[in-house]
Structures are given as C-alpha cells and as structure tokens.
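Both of the next two complexes hold subunit A, though its partner changes from subunit B to subunit C.
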Partner chain A sequence: MSKKLLIIGSGTAGLMVANLVARQLRGPVAHRDIEVTVLGERDEYVYQPGFLYVAFDLWEPDSLRRKVADLLSPGVRFVHDRAERIDAAAQSVTTRTGQTLQYDYLVIATGSQLNLTEIPGLEEGAHWFYTLEGALRLREALKSFEGGRLVLSVGIPHKCPVAPVEFTMMFDDWARARGIREKTEITYTYPVARPHTIASVADFADREFTARGIEIETFFNMDSIDAQGKVLHSQEGTDVPYDLLVAIPPHMGDTLGAASGLAEKGNWYPTDRNLLRVGAYKNIFAVGDTTNIPVSKAGSVAHFESEVLADNLVGLLTDGREPGHAYTGRAFCFIETGLEQATYISFDFAHPPTVPTPSRSIHLFKQTYNRIHWANLKAVM
Partner chain B sequence: MVEEASRTIDARGSFCPGPLMEMIRAIKAAEIGDVVAVLSNDSGSRTDIPKWAQKAGQELVAVQSGEEGDSILVRKVK
Partner chain C sequence: MPGETKEYQTPSPELSVEGLNVVNAVFASLTPHMVARFGEVAESATTALDYLVSPELLSLLRRTQEVAPLLEQGLSVLAALGAAIDIESAAPRVEAAARAARKEAEQSSRSVGLFALRRLQKDPGMQYALRFLLSFAANLRQNA
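Right after this comes the complex of A and B.
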C-alpha cells in the first residue's frame, strides 16, 4: 500500500513542502510507493513580494505569474480544485467538485487572505497592494497623483509585516523623483506605541521617517473609513484626512478551517510552534500564513517552516520516524528603504533582529532573489 | 482572586508580530467579557500591553510574573 501525503494549498508553503519531499524521496515517488498530491484552488502561482514593484510601475504583472504545474517536481500530482472539508477521523478531504482524497499525512498550507469587510468603507475608500488587482489599481492611482496627503494605515493581523515600512519609504523616494514631494504630505499610522512591532525596526523607521518628513501616528487601529469625506477614523478616536489612502487590510485564514472544525477564530489553525502539528493530531500539519504561531506571516517563514516539515515528513513517510526537526522561529526579510537601497532583518525565537545600514548592494541582492525565487520554490537551491 | 483566561497565547520569543500585536489580534477576535492572557518574555510587554489597554479602553486584569515570563491579562469590555 502506498503512503499518501496530501498538501492543501498551491502557494509558497504548499509548493515548497511538496517539492522538498518529492526531491528527497525521488525513488519511492517515482514508483508510487509514496504519493505526493497538491490540492489547490489556484492553478497559477503569484509571487506576492512583487506587488510592491507593480504598484510603483517598476514591474509588469506577467513577471510574477507561473503555472503551478510548471513549478512542481516530477511525480507530484496536482489536483486543481478547492478543498471544502477536512474529515480528520476518516483521513480524507472533500472538494468542491465532489472528489474525496484520502491521506495518511495532511499538510494545510492555505495561506491568508484579505478581510475587506471588517473595516467599513475600506473597499470604497482605500487602496492596497496586497493583491495583484489591488497593486494594479494603486498603480493607476499613483500615475495620476500630483501631490496631496498620502496616508498609509496598517491593519492587523497582516502578512509581510515590513511591507508597510517599505511602501512608505519607496513612496517618499518615488515622490521626490517625480518632483512632487514638496506638495505631498505622508502620514504613516500603526496600531501600537511605535512605528513597528519589532523594536529595532521601530527605531530605524522612527529615524528614517523623521529625517524624511514623514508623520507617524501611533496607537492607531483602523475603525472605519468615510470614503466620501476622505477621512480615516481610528478605534482610539483619532481622525486622519487623506487624498490617497493606502491601507494594509486585516487578514484572515481560509474558511476551510472553520468548515472542518479545526481552526480558531480568524480561521487560523492552532499549531505547535516547533513541530507544526495541528491541535492534537499526529498526522495533520499546518505551514505558512495559516498557522496561529506568533511569527511573521511571510514567505521566508513559510520557506524555513517547509524545510523543517519536509524533513519530518520524509521520516514519517519512509519508516514512521517520529518528527525530530523543530522550527525555531527563523525568519529573514529584506526591507526596501527606497527605490535604490535596502536593508534586511534576520531573527528567530531566541534572537531579535538588528537593522544593518541600508545599501545599494542589499537592494541588488533583493532584486536577485526576486529572480531566483522560482528555483527556491522548486527546491533546487 | 485569580482570573481565568478565556484564551492564553504563548508569545514568548515572538519578535514579529510580537506579544502586543498578539494581544490586539486576540482581543479583536474575542467576545465581550473574555479575558485574554499573553505569555511574554519581552520585558517591554509589562508596560506596552497595559498602555495599549488603557488607550484602547480595554480592562487590564493582571500582570503576573513567573519563572517562564510574564502573563498579562486583559478583558475585552467593548
């Protein structure tokens, strides 16, 4: 009897786990002793870090997209369908088209998505760059922006926690390059007492924003948006008028978790922060944005978690070895600090990050990573 | 009287999003009357979380110190 590994989700975490396992178990996968299946609602993968560049008209959308089937290792089966319900007792997943897929081990990698209805007025009054469609709409708005008040407001929870800082500094650079910075006010709002949740990034942003004349509003949690009057209201009672509002909408997990009785509120899966097991289940794992682990929802986290999980799955699939590899909270994030400079942060559960001095070489390294990401996804790096 | 938390979040070692963000996120998702406990080993949480609770109009229930870190309890009141 073959062993069945089923992975729900065709984003970064899902593809990496599938490819890492399939590459380590080439023989058994080729002989169908081990079946690796990816069940994904989308048959196209989109490189989300590229949305920032699309918004500033630096990249074309086509460079961000690839067919999922072209990104999978040989032997991995792709089922293009939506998972509707996980039956943990029966070890099966039913799909929108009525298929039932059995599994011995299940990996949930369904990511996170924008919750555009949580904040009244957000859809009508705000722009965002966290979807490709949103980035394209923002690109058009920026093309016709000739000065005024740009407000960047951060909702929680959200993925890629440094992206709001990146957008703000890139916008500042972009406005200077266009010669409209003097007639542009930039305001950045953030939910806690400082401009970023990480102390070192907050200190860095504080210094940079102050030097660039960017206003910071702290303790600001978006409550509602008056799209007609162009005013943003906070839960804390502050009102901020805007001409162009770029919001980081709150995120939520896929509804599959709630439909299956496995996820907590917000549709995040209760996940062991080291072994990535879901709840008390020995054969169900969650990876990437969809977990409730107190770590950034970011591609690099999905990547490092996937490496740990794949090693554990290889042991389970081959000889039932108990998982011995632990995720340690590792994360690495580039931070674009303008159109030509960047820095980065690297940290784990035991080591907080520091922020190196931004440089052009780090920016070029980031640009290089943007192009080699595809090899990383395929697990050939 | 020791308050029972409706939900406890182990945010020890969380630098991003961090214990305060975990608290804000959990309070947002909680029902009115629920008590959320965040376990943190970041010394800043002892002041950050109470400051946020005051600003946001939520009730700080307790700040308890233990060997494994601080436990900060907030009740959702609105």
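Right after this comes the complex of A and C.
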C-alpha cells in the first residue's frame, strides 16, 4: 500500500515541498511506494517579486511565467483543479470537478490573495502591483504620469512587507531619472505609528524618506476611496487627495480553509510555528503565506519553511518518524532602495533584523537571485 | 633592489565593508539544503580535478601520443564507417529509443542513461558500429 502525500497549491511553497520530498525519496517515488501529488488551481507559476520591475517597465511579464508541469521533479503528479473542501476525518480533498483525492499527509500551501472588496472604491480608484495584471495596468499609468501627487497607501495584512518601501524609493529614483521629480509630491501612508511594523525598517524608511523629500503619514488606515474626486479617506478621519494612487490592498487566505472548517479569521490556518502542523491534526501541515504564524508573508519564508517541512515529511513517509526539524522563523528579504541600489534584512523569531547600508552589489545580488530562483523552486540549487 | 620602495594599494574601507555586506547577505540567504547541494557540486568538481591530475591520466595521454600516427591512419578507416551508416535513417530510431528509455526510467529508480544504452545496443546500425569499433580497437592494440 503506497503512502500518499497531497499538496494543495502550486505556488512557491507547494512546488518546493513537492520537489524537495521527491528529490530525497527518488526511489520510492519512482516505484510509486510514495505518491506525491500537487493539486493546483493554476497550471502556470508566476514569480511575484518580479511584479515590482514590471510596473517600472524594467521586466517583460513573460520572463516571470513558467508552466507548473515544467517545474516539478520526475514522479510528482500534477492535478490541475481547485480544492473545494478538505475532509480531515476521511483524509480526503474534494475538487471543483468532483474528484476525491485521498491522502495520508496533507500540506496546505494555498498562499494569500488580495481582498479588493474590503475598501470601497479600491478597484475603481487605485492601482496595485501585487498581481501581474495590476502591475501591467500600473505600468501604463506610470508611462503617462507627468507629475502630480503620488500616494502609496498600505493596507494590512499584506505579503512581502518591504515591497511598499521598495516601490516608494524606486518611484523616487524613477521620477528623478525622468526629470519630473520637481513637479511630483510623494506621500507614503502606513496604518501604525511608524512607517513599518519592523522597527529597524521603520527607522531606515524614516531616514531615507525624509532625505528624499517623501512625506510620511502614519496612523492611516484606508477607509474608502473617492475614485471620481481622487481622494483617499482614512478611518482616522484624514483625507489625502491624489493624482495617482498605488495601494497595497489587504490580503486574506484562500476560502478553502473556511469551507473546510479549518481556518480562522482572515482564512489563515492556525499553525504551529515550529512544526507547521495545523491545529491538533498530526497529518495536516500549512506552509507559506497561508499560515497564521507571526512572520512575514514572503517567498523566503516559504522557502525556509518548505525545507523544514520536507525533512519532517520524509521521516513520516518512510518510517513514521515523528517530526524533529523545527522552523525557527528565518526570513530573508532584499530591499531595493532605488533603481540601482539595494539592501536586505535577515531575521528569525529570536533575532530582529538590522538594515545594512544600501549598495549596488546587493542590488546585483538581488538581480542574480531573480534569475536563479527557478533552480531553487526545482530543488536543484 | 636595495633602497627601492614599492607602493602597495590596500582596498578602501568602503570596499571591504561592501564586500563583507555581500558575503553576509549570501550566507543569510542560503538554506541548509542549498548548502548541501553546493557541497555535492564542489565534491564532484574536486573529484573531476583529482582525475585530471592523476598519474593514470598522464600515462594515458603519453600512450595516446605514442599511438597518434596509428590513430591518424585509423581516421581514414573511420570515414568508411561514417559512409556505411545511414545517419538519416538512424536518427529517428535513436530518438525513438531515447523516448522509450525516458518512459521506462519514469517507472523505475534507474537513470534514463542506463535504459538508453540498453535500447541503443539493440539497434542494428548501432550493433554494426560497435562491432566495427571493437575490431578497430583490437587492431590498434595489436599494432601499438
């Protein structure tokens, strides 16, 4: 009787877990003693950190896309369908087309998505770069932007927490390069008392923004947007007029969790922060953005978590060994501080990050990583 | 020379800091699995280097040098082999063999290469070429 590992989600975390397990268990997977299946709604993988570059017309969208089937290790089965419900008692998942997939171990890697309905007027009045379509629309808006007031407003929770800071500084560089910075005002709004939730990033952004003449408005929670009048209203009662609004829409988890009675508020799965187990279930795990672990929703987190989870799954699948590897909250994020410089932060549960001085070398390192990400996904590098 | 002075240029502190910065970033971004995979690559490269500098390879190179005139003669014989094999008709057969090998490998833990070799040695054209090469190698050995 073969053991069945089912992974829901064909994003970074889902593909990495599948490939890491298949790579370590090459023989049993080839002989079908262990079946590794990825169930994904999308058959195309999109490299999300690239959206930022698409918005500034630095990258073409085709360079961000690959077929999921081309990214899976030999022996991993891909089912292109949407998971509709998880039945934890029956150890099965039903899909939109009516298939029922059994599992011995389940990994939920359904990521996060934009909640565009929470803020009235958002879809009509704002741009965003958190989807490929949004980044392409913003690219067109930037092409015709000849000066005025750009407002970058952040909603929470959201993935890639440093991306709003990156966009703001890249926009500043971009406006200078186009010769329109003199006639452009930049305003950055953030929901809490400082410009970022991470203290060192907040200090860094405060210094950088002030030096670049970027206005910061804290305690600003987006309430609604008047798309006709081009005014952004906050829950705190302040109004900010704009010519171009770039919003970071609040995010939420996939509705699968709520439909299955497994997720909590925001559709996030209650997840053990070390072993990545969901609730009290011994054979259900969550990884990547979809967890409620208090750590950044970022690709690097998905990567670090995936390795820990894959090692634990190898033990469980081969001889039922109890998970012995623990995720420690590791995260690593590059921060583009303009069009040609970057810095980074590295941290875990116990060690908050510091922000090194930005440099061109780190920017080049980031650009290099953007190219080799595919090898990481396939678990070959 | 006595009395001569030399100027040594040391890297600027800014450059050293930036270098350290990049090294730190690289270490911070690496995962345990990535380190293990880099280790495998480094080990393969070291092993390959070991072979390259081994006395066995040096001896093989000397031997090849000695038999070079024979090899030169052999090349004209090999040209006859090239003419005897119909490349156009062999290519689709080799492709089919490779496809079948990939399919078999998917069902097994063995590598595609093993199945490909097994399939190719069944091909009549390949058998002819192998026989030719084996007898050619035997001739070379005798005459060397």
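Note that in this section the second predicted complex is superposed on the first by the 381 of 381 C-alpha atoms of A that agree within 3 Å, B and C clash if a C-alpha of one lies under 4 Å from a C-alpha of the other, contacts with A are read in each partner's own complex, and residues count from 1 in each chain.
Definition applied: a contact is a pair of C-beta atoms (placed from the backbone, for glycine too) under 8 Å apart; a residue touches a chain by one contact, two chains touch by 3 or more.
Since the model is a prediction, treat every value here as computed from it, not as a measurement.
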item	value
Which of subunit B and subunit C A:A177 touches, first, second, both or neither	neither
Subunit B versus subunit C as contact partner of A:H303, first or second or both or neither	second
Which of subunit B and subunit C A:A350 touches, first, second, both or neither	first
Contacts of A:P161 with subunit B and subunit C, given as first, second, both or neither	first
Contacts of A:A199 with subunit B and subunit C, given as first, second, both or neither	first
Partner chain(s) touched by A:R26 [first = subunit B, second = subunit C, both, neither]	second
Subunit B and subunit C contact sites that coincide on subunit A, given as residue numbers	none
Complex contacts: residues of subunit A adjacent to subunit B	156-157, 161, 191-193, 197-199, 219, 221, 235-236, 264-266, 273, 294-296, 329, 331, 347-350, 352-353
List of subunit C residues in touch with subunit A within their complex	17-19, 21-22, 24-26, 28-29, 31-34, 37-38, 105-109
Of all residues in subunit A, those that touch subunit C in their complex	20, 26-27, 30-31, 74-75, 300, 303-304, 307, 310, 332, 344, 346, 356-357, 359, 361-362, 365, 369, 376, 379-381
Residue numbers on subunit B that touch subunit A, as the complex places them	9-22, 24-25, 28-30, 44, 48, 51-52, 55-56
